[in-house]
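In what follows, chain A forms one complex with chain B and a second complex with chain C.
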Partner chain A sequence: MFIVTRQYSGRESAREIAVWDPLVRLIHWSLALTILLNGAFLDAESKSHEWVGYIALALVGLRLVWALIGPKHARFSAFPPNPVRAINHIRSMFEGDRTIFISHNPIGAMMVYNIWLSVIAIGVTGYMMTTISFFGVEWVEEAHEVIFGWLIFSVMLHVAGVLFDTWRTGVNLVRAMVNGRKNIPEWHDVI
Partner chain B sequence: MKLRLWPGKTKERRATILAGLILLQALCALFFIGDVIEDFRENGHLDNPHLLLETVAAAALIAGVVFLMIELRGLLSRMSDMQIGLEIAHGHLAEVIESFFDEWNLTIAERDVAIMILKGLDNDTIAQVRNTASGTVRAQATNIYSKSATDGRAQFISVFVEELMAGDISSGNGAGPASMSQSTKKPAEKDRPAL
Partner chain C sequence: MRKLALIALMAFASPALAEDVTVDSILGKTLEEVQASLTAMGYEVRKAEMEDGKIEVYFVRDGEMGEVYVNPETGAVTKLDLKG
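Right after this comes the complex of A and B.
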């Protein structure tokens, strides 16, 4: 009996949707790795710190290009940077709306742009520190550090948001970023 | 049960490899661009051949990355088309099976047994899975064969296979993917007398 019921319930009560393509996933985890390396392990004065920073910049650049020419769930149009949508999403969330967004949800989308912009800002200020005209300039160094602090704060918020949304909607988002598939319980509306 | 209609696995691996190559090549491009910028900062001229060559290499790598990205997008969209086709086929098969069971007035227990027969389980295994005596399963199987007017396991399974082979799966729905309508065209071409 159990083979049949398992097969049946697997097909009827949940749907698997391929959301994150391999390039999105690779870039995501590589970017996480570069942030971890530069934040926790590499000497800030070292050459490798610089290179890892440039790699992070390249990863974001690659992701931005992919958001222009990639498949639909990876595109800007799937998660437009729209604060109004994010606020509406929070409101409807409190009203008990359990709609699932296939790509990023509106508030997650804001976090995505926030993290990308932070990484770009850190990369640019980091590069400026290596140039002759900005070497030793105080505000550049301060900006580099302050934005890095903001990035770490954002990453923590991001992780908390992922855990919260996994708990709220029942879609395991960490697994989705590993194997690319979202397992959508059937009672949800999907956008 | 081992033979699965799932050609997506190798494609998935290809997509992952392609994504990895894109990433690696982008990092190589980054290295060359960094080198070019560094050299340019040092002497400020693009006229020496070494720098020129590096610039060309960087440009070529970037073009390669973009080209691979477009390839990857094509592969991914083919994969999702195939997935849609498979889901339609799965849905149809389930519908076909259900309609036959309804037509034969199978009881709920018999439907369970019949599905397991279709999945290739033998009577002893079915008895184990259902926690019944194998004699019960044999009786139920006999009922199923008589209700479906078949003379045994092989003929019973072939009822469904025949249904799948005879029908034009995509035509009823109108939403069949291109791959399916192609596969239905092919036999017609074969039927043409060879000249």
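Right after this comes the complex of A and C.
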């Protein structure tokens, strides 16, 4: 009974924390759009496919710069690429730890880097196909396609992870990427 | 042998060695023939494959790249895409 009461009061006094600045959000949804456009709508042989690909590369490039000079939660230091942290996070999650990470949680962070690296690799192989040295060279084309498949798989995992973590912690992560704010239920510890 | 004959024929029919591939070119009805024709024209063939029932070949020459589609029934070019 006590716990239930506490949960109710927690819900009512949930804190809102501004996490994602406008540029982070703009880059996130723009990158999602470029992946959707190039994967599902544009002819792979077309000029527009090339341009959308370069825009995707530029978005990731801009995000990397922002991770150096941007606000606290957008920085590399807020979500270091650390597989050990990710594994520890999975373990403590199963042990019932409901600590909330203000920026990306450690598994989310690994996914972020995976997606950025994949986009870069797709962009670079895509550019290579337009150069005289690699035009029509089979392995470049295959790498471009295989990594794109990996990216789509990663995006699906990313969406699944977002939904799972929203269910697990009560923090609506989709909303946070839209309006920038995380609603933190009071019973959580925050890192 | 057939390849040689074809090359000889190409050379005979077109005295200019560096003939360009155009939408009017007749390149051949098999992957091998199309590759041989393009090679005879001085192109480096990068990739040749069947794509939607057409012969598709990627080639480069003198800093120029292109893709050509050939109808295997007529041996004629159906689409030519030249890039910078």
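Just so we're on the same page, the second predicted complex is superposed on the first by the 179 of 191 C-alpha atoms of A that agree within 3 Å, B and C clash if a C-alpha of one lies under 4 Å from a C-alpha of the other, contacts with A are read in each partner's own complex, and residues count from 1 in each chain.
We adopt the following convention: a residue touches a chain if its C-beta (ideal position, glycine included) is under 8 Å from a C-beta of that chain, and two chains touch if they have at least 3 such contacts.
On a predicted model such as this, the values are computed, not experimentally measured, just so you know.
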| item | value |
| --- | --- |
| Touched partner set for A:54, first chain B, second chain C, both or neither | first |
| Contacts of A:30 with chain B and chain C, given as first, second, both or neither | first |
| Which superposed partner A:39 touches (first chain B, second chain C, both, neither) | neither |
| Which superposed partner A:170 touches (first chain B, second chain C, both, neither) | neither |
| Contact breadth on chain A, by residue count: chain C or chain B | B |
| Partner chain in contact with A:81 - chain B first, chain C second, else both or neither | neither |
| Partner chain in contact with A:62 - chain B first, chain C second, else both or neither | first |
| First (chain B), second (chain C), both or neither touched by A:22 | first |
| Residues of chain A at both interfaces, chain B in one complex, chain C in the other | none |
| Of chain B, residues touching chain A in the complex | 12, 15-16, 18-20, 22-23, 26-27, 29-30, 34, 41, 65-66, 69-70, 72-73, 76-77, 79-80, 83, 90, 112, 115-116, 119, 121, 129-131 |
| Contact footprint of chain C on chain A as seen in their complex | 45, 130, 132, 135-138 |
| Residues of chain C that touch chain A when the two form their complex | 46-47, 58-60, 63, 65, 67, 81, 83 |
| Interfacial residue positions of chain A with respect to chain B in the complex | 1-4, 11, 18, 21-23, 25-27, 30, 54-55, 58-59, 62, 65-66, 69-71, 131 |
